[in-house]
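What follows is a pair of complexes built around chain A, which joins chain B in one and chain C in the other.
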Partner chain A sequence: MREGWSTAGITALGELLSPSRLTGTAARMSVQLFLVVCLWHALYSDTETSGGLDEGQAVAYGVLAVLALRLRDTDRWIGRDMVIQQIEFGTIVYWFLRPLAPWRYYLRRAVGDQLYGFAWAAAGYVVCLLAGVMDPPASAGAAGAFAVTFLLGQSVLYYLVLLTDQMCFWAVRNDSAVEILQFAQNLLSGGYAALWYFPGWFQTMSALLPFQATLSVPLSFYVGRLPVDDLPRHLAVQLFWVVSLAALTRLVWRRAEHRVVSQGG
Partner chain B sequence: MTARESEFAIEARGLVKTFRTARRRPGALGMLRALVAPERVSTTAVADVSFSVGHGQLLALLGPNGAGKSTTIKMLTGILTPSAGRASVMGIVPYRERVRNARNIGAVFGQRTQLWWDLPARESFRILRDIYGVADGDYRSRMREFDDLLELSSFWDTRVRHLSLGQRVRCDLAAALLHDPPVVFLDEPTIGMDVVVKEQVRLLLRDQVERRGQTVLLTTHDMTEVERLAERVVLINHGHIVLDGTLAEIRTRFGSGWRVNATLVQTEPATGRCPPGLRVVRQDGARVIFEPDGTDGVAPPQALKRVIDRYEVTDIHIQESDLEDVMRAAYLDDRADRELDGELDGETVA
Partner chain C sequence: MRDVQELVQGPGGPRRGDARRPDMRVTRHGDLRLTRWADLRLTLRIVALTFRAQAEYRAEFLLKVAFGVAWQVSIIVFAAVLLGRFPGMGGWPSDAVLLIAAMRMLSHGLFELFCGRATELSTIVQAGKIDAYLLRPLPVYRQVQLSIFPSNALGDLLVGVSMFTSAVVALDTAWTPLRVAYVGAAVAGGALMEGAIFTLLSALQLRLPAGLSWSRWVEELLSTFGNYPLKILPGVVNGAFTFILPLAFVAYFPAATLTGNTSGLGVPAALAAAAPLAGLAGFVGSRLLWNFALRHYTGVNG
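This part shows the complex of A and B:
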């Protein structure tokens, strides 16, 4: 039974059908990676370690952050398939007219998009590793801890994005929420710069928020800044976020389904 | 209750839909007030709608802009939950069991597409095939059928964003019918189509109803379409049903029904010697149009005879009054409006 899993391939198919977008993505990624590598080498030119990270760790962290941010970066706007657009154009009605519940459809699309982004990230990773731009994982244990926490981190990220999308059912525009989330995500997850460089109070604050679980934790395991012994504690925190965000978004889905108002027609 | 047990494919009983929206006064003060104490206004889009459609029937839901047609369809397809009343489609309450209901229905809202904007139309069909679990063989034969009737293959490999409106709506029709649903809802399905394509769509719908036994509920502002397709029409205005019957009934209630077109031998003013029971609608030289004046209920054959008895004519025939004229009269019908306003005043909506 295919059960509508082909919905997962929608974004990827749209991209593959337009080669110009593919070359665009490749070019953007290369430029970003190049700049990040230059930046971190420059910053470490007269320091040995900073924030507990040495030069090799800092570069590896920076490269991985660029690659990971790529995962949810696929342009769904062009496919008119953002929730906000669906609501604005009124095409959201069709989500409720199919034997595939809206939350399932949304989940499959997101999984597909994240896998597609992952393919890009993985390709970029292999290239960087082979080119000697960055170091491999600190140890086999670090690699394992990275893999598990990265997967859970992507789940946390999925729910955070879902929550902003769900807001569209209440407010016609969610731009400001999206902007706040994106900024918070990029900064507090350690996407722009590793959280290790920030002051103590900042690290305490972000420990209370779900963002660092998405990126900072797995990448810190990769570069060996977090000892593998800490894995259980971080897994527990990630699981806590996954479970509570899952419960919350589920509740919101139910309410959204009851109050869907389709405009016009 | 299962689909087999219910006598009707579609049933609406006392459907009501009220929308509550916040009204914002202009200016900064208005904005402040909207934040502190938003003023809520409610609009009754559908006030009281009841009708039923038997299996294999095609029914046209007609009414002027803003009458409540789309809102009614949204309730019947399960998108909106009615404020009051009940709906049932193939024995299922659509807004309670959306997913189960979805297997029984197909829907096109002509102004909005369900196709994926960034993909060729054919990819959308393939995705929908998977969502509905349509078997490959059925899928292929259905696509062939749609292609024969709607000539889709000339553009189905084009991205939806590049399709013309008429092409896009044709693809949307195919997308809605792909899983062969027993009940089909079409809200302005022929929007943006040229006359040739409209005819193709009519053929397709006829085929769906007559050969496949599908039940179709459609709204349109195209009267030719109504004349060619609908055995039965439900006329709705201000959220109320004004008439539920055949086109002939609409004609008798809102139109004069027929006219006599005659060409006289001599050009003379016909008004002076008008035959009994008739009056002159228009005279253009030798050509005169008569209609019954309502005094003696004259039938068309008698009217012809009276005109021939009175004048020397070179040509004479009966003409049915134009459906557009009839509908204009129906939509503008004061009498109905006044009745409705009276009803609305005393009404409280849940």
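This part shows the complex of A and C:
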């Protein structure tokens, strides 16, 4: 059991053994944060409030969005351990022959990746807060609501990514599906810009999809754009997505088992 | 599936003795190369083959086109939202800002069509395909570009052309032949500048697989900051986007020249107007550097 969880550290170890990649990540994140802060300050130079967000809230939202997107930015392609690569190389069959179930292995790798990304995001958050770049949470209640909804949001994101990876068992290629998911996640979750700026129809459409639950909801609690009283409703929506996607992906894992064929049949 | 090159060249590929064949020539460096006509025919044939190969995976093909459309539409939505919420970006009227976004999108579509594979060169390097490319009678850079048909470029161009047409029609200006020629050159120059940026980054990928992360990050920067008047940003950022990562030359400077919004550009108006030439110069320079990097490429076997 304990050995199984050591797989969670594979990505982090790989990154830590490559100083150039660590430096690159730090440089990219710093520049991205600086640019986002500049952009939102510039946009608010002639405006007090827009979409219900003032300048401080907009900057805090923008910074948190950059940090949150960092969680998913780990590059597993280089390590050749993505589902699509395993299927292309024919090595996916080993996932089903090991004593560790494939869905458990996938979960542990993903948890490790997200924790590694979280370490970067947390470090960036502390630096930004200490440097006075962004405001702290609107209230203690807002901080609590942010923490809970952020955790559930990451769970929703995990299942969405898993679902696109599972597509490989049927579609052979999933590059475009992954790109579309990343793009939809960035846009519809409010990663590019807070959904509060978008027209009503766009917000309604986003509310019907799971992406909003991954980023917009927790970040809106943080900056105080969503009142803490709304927490139960949003938690219910997030739980609905977590349970539904968990059930769906579990079912897909079972079906996928029957589609795995080793080279030569 | 049989290798595309094998299909084109036949089993065994070209041999030195084939130099007497009318479709082969020996360069002044002694390398065996195709004649220009054979070169063009081969290129078109590979494009047709890679298109057929892509179309074999129908769902993936349609998703790629859809991704191109979705990516470009998201830029329109994002630009429209920011323009609606924060009007008067740096004193630019909305139709002029939309022209920046439209020119960049069309340039990006052309870049994707002709040079887009440079972005993900490390995948080709990791698979060891570069070593094979070095043995074939086509320039390696072109083989990289021909390695896969850019289905997503079809979506990019579809939206890019529509958006560009709308922006040009909406712009309150007299379209003289000179302006029409300039806007055409500017779009081509923008595609070349984007090509220059990613060709340089792909030279890095010839040595470091992690260079892929840098390419993806720069792609994100271009789509986030390439569609608006950069003068709204602090001078240091403006300067960085002009002289370090020259995205100002992709659409911002040409649009400023066309619409007459040349104050506060951070460079003389004449330099901004020369953006198409800068794109061409940048691309030629990046290709020379790429060739230099390729000469120092080392395969897995040393």
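Assorted remarks:
Here is the rule we use: the second predicted complex is superposed on the first by the 259 of 265 C-alpha atoms of A that agree within 3 Å, B and C clash if a C-alpha of one lies under 4 Å from a C-alpha of the other, contacts with A are read in each partner's own complex, and residues count from 1 in each chain.
Basically, contacts are C-beta pairs under 8 Å (C-beta built on N, C-alpha and C of every residue); 3 or more make two chains touch, one makes a residue touch a chain.
Please read these numbers as outputs of a predicted model, since none were measured by experiment.
Applying the stated clash criterion after superposition on chain A shows that chain B and chain C can sit side by side. In the overlay built on the shared chain, the residue A:Ile78 is in contact with chain B and with chain C.
When the two structures are aligned on the shared chain, A:Leu35 is found in touch with chain C, with no touch to chain B. In the superposed model, A:Asp175 lies in contact with chain C only, and not with chain B.
Applying the stated contact rule after C-alpha superposition, one finds that A:Ala247 touches neither chain B nor chain C. Of the two partner chains placed by the overlay, neither chain B nor chain C lies in contact with A:Val126. In the superposed pair of complexes, A:Tyr197 makes contact with chain C only, with no contact to chain B. Judged by the touch definition given at the top, the superposed model places A:Leu22 against neither chain B nor chain C.
In the superposition on chain A, contact of A:Asp46 is made with chain C only, not with chain B.
In the superposed model, the angle subtended at the C-alpha centre of chain A by the C-alpha centres of chain B and chain C comes to 80 degrees, rounded to the nearest 10. Closest CA pair between chain B and chain C after superposition: 6 Å apart. Of the residues of chain A, those at positions 78, 80 touch chain B in one of the two structures and chain C in the other. Touching chain A in their complex are the following residues of chain B: 19, 70, 74, 77-81, 98-100, 102-103, 105, 107, 109, 111-114, 116-120, 123, 126-128, 130-133, 159, 187. By the touch rule above, chain A contacts chain B in their complex via residues 1-7, 10, 13-14, 17, 78-81, 89-91, 93-94, 96-101, 257-258, 260-262, 264-265.
Interface of chain A with chain C (complex): residues 18, 20-21, 24-25, 28, 32, 34-35, 38-39, 42-47, 50-51, 75, 77-78, 80, 171-177, 179-180, 183-184, 187, 192-193, 197-199, 202. Interface residues of chain C facing chain A in the complex, by the touch rule stated above, are 57, 59-60, 63-64, 66-67, 70-71, 74, 77-78, 81-82, 85-86, 88-89, 122-123, 126, 152, 208-210, 212-214, 217, 221, 224-225, 232-234, 237.
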